[in-house]
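Every chain is named by a letter (A, B, C and D) in the order it is written, and numbering of its residues begins at 1.
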Amino acid sequence: MKSYELVVHPVENEADTRKADVIGCLDSHTVVGFERELQSVVDSGANVVILNLESLSYISSAGISALMGLTHRLRKSEGELYLLRPTEKVRRVFRTLGFTTIFRIVDEEAEVGSTPRS
Amino acid sequence: MKSYELVVHPVENEADTRKADVIGCLDSHTVVGFERELQSVVDSGANVVILNLESLSYISSAGISALMGLTHRLRKSEGELYLLRPTEKVRRVFRTLGFTTIFRIVDEEAEVGSTPRS
Amino acid sequence: MSTTPPGSPPQEFIDLELRCPVQTGVLNPLRTFIATLARQSGFSEEQVEQIEMAVDEACANVVRHAYKHLGVSCDLPAEEQSTDKKVRSSCLLRLRVEIGEGCLRVSIIDTGIGAHNKPKGVESLQEYQEREGRGGLGIYIIRKFMDEVEYETTPESGTMVTMTKFVTPAAKTAEK
Amino acid sequence: MSTTPPGSPPQEFIDLELRCPVQTGVLNPLRTFIATLARQSGFSEEQVEQIEMAVDEACANVVRHAYKHLGVSCDLPAEEQSTDKKVRSSCLLRLRVEIGEGCLRVSIIDTGIGAHNKPKGVESLQEYQEREGRGGLGIYIIRKFMDEVEYETTPESGTMVTMTKFVTPAAKTAEK
């Protein structure tokens, strides 16, 4: 069993939207691979990235920083990073630290593009 | 969160049958409490004991020995211990060590009393 | 403590120590270890998560920063990594855990650069955002999630951070 | 090893050590620690479970048997327990873990009664049943679940059991 995996979904209709599942733990051990794989997703022409966090069991400051970096890069080109359905544990970390006002956290894919920053 | 709990169900029709859920880990840390609680179940007049192992996440030799002890005690008075739906992990341990031929492991409560030793 | 299983011997004062090499691969095992200890010592699930994360951040800092000047850090590119086995095996991460009545204290100890590079986190999330990727979030998290945090550094003997959490810090939580 | 996440630095040889008090409360944290280490070192889930259980059995033996003659054992009734803090704190359980390419080796070390009470498990399940509750299952499990097991005892320095498991012991498994 791997302690981390990024499963990138095949591109469908919207050419500049990419979806991926983040599985396992995002810590200083796994973040290097995560950032590299994220970069290749962006390089493939993504402007809107949806990361499904349903199976993300742990995130450390290293993982949060990687998400912050991507958020900034995408916003520079009017894009956005959406975090889909984080677990209660990850949500609690975001909330306690104040990241719920920075990240776009959504519960349904349909909300993508229509969610005001909460 | 407790690392172990025994939840004894209220007695229904059959006066000499008792049912309980074993929750958590059965190891050298928790086995002392487990044996004491099992004893009071037997003392309450049980001849047939059904232990639901669906939520037993780990069992060590100490836990197995406790189950063996109870099996022997109940069989002396023509009774029986039934182990209901152990997880794949616990089942694998029983199987690899050879305990599947000693314990009565059942998947449905209806099988109680009718299962030949497999 | 409150969740000692009925019938098991009373939980005594626990004092244990762990010595690991400074590799990111030890972080996940260390997290599950400390989380299980905290959980069975009576902390709530949210508190367990906070202890887990604070300890992870401090350990990650040892792996990343403490021995970087010696060429031992996961942040260095391969060509800047020391290949000297003696150097690498002398770079240790030490964890000391003490658990008493309603209280857990963890010290994360290294013998690295210490006072030559005093640990400094951001004071607020705003400061973190302004820094734009230049770190500081780890120590912010440690201070936010633990009830008491103390950093000690000396030039010769590295860094030791000691963090304490209490089982029911009702006042503390409300205060934050 | 095979499951090192892509992009993270290559997993080096890991050599770590843990010192715990001899209390049953450390067993669960130790199990989760060793299981997480084994899992990310490439062992299958079934192998992880076997390592977890073998290590638990050896550690439980230290907590139960190694220091019983000194009044430090979870098997003793309260009135036979030593209350001497110096004695209790000198009773340690040491765990050493070495992980190399496709191989995990754990030593469980105590400074207890050692050769005065040589560890002996049953040879078969039948022997275990015939003994009717007089133990021997723990060491049977350790030998069954690990690929190599070695017990060393000396009168002065206690017991050390070293157990090794290989990631793909195809031959071994078939043999058993």
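The working rule: a residue touches a chain if its C-beta (ideal position, glycine included) is under 8 Å from a C-beta of that chain, and two chains touch if they have at least 3 such contacts.
All figures in this text were calculated on a predicted structure; none of them were measured in a lab.
Peer 1: Tell me the fewest steps from chain A to chain C, where a step is a jump to a chain it touches.
Peer 2: Minimum step count, chain A to chain C: 1.
Peer 1: Tell me the fewest steps from chain B to chain D, where a step is a jump to a chain it touches.
Peer 2: 1
Peer 1: Using CA atom averages as chain centres, what separation in Å is found between chain A and chain B?
Peer 2: 45
Peer 1: Return the distance between the CA-based centres of chain A and chain D, expressed in whole Å.
Peer 2: Chain centroid spacing, chain A to chain D, equals 40 Å.
Peer 1: Where the CA atoms of chain C average out and where those of chain D average out, how many Å apart are those spots?
Peer 2: Centres of chain C and chain D (C-alpha means) sit 26 Å apart.
Peer 1: Give me the residue numbers in chain D that touch at least two other chains, ranges are fine.
Peer 2: 8-9, 24-25, 28, 31, 40, 74
Peer 1: Find every residue in chain A that makes contact with two or more other chains and list them.
Peer 2: Where chain A meets two or more other chains at a single residue, that happens at 3, 29, 32.
Peer 1: Which of the residues in chain C end up touching chain D in this complex?
Peer 2: That would be residues 8-9, 11-12, 14-21, 23-26, 28-37, 40, 74, 78, 88-89 of chain C.
Peer 1: Okay, in this complex, where on chain C does chain A touch?
Peer 2: 24-25, 27-28, 31, 46, 49-50, 52-53, 56-57, 60, 63-64, 74, 125, 129, 132-133, 135, 137-138, 140-141, 144-145
Peer 1: Show me the residue ranges of chain B that touch chain D in the complex, using the header's touch definition.
Peer 2: Interface residues on the chain B side: 3, 25, 27-29, 32, 58, 60-62, 64-65, 68-69, 72, 89, 92-93, 96-99, 102.
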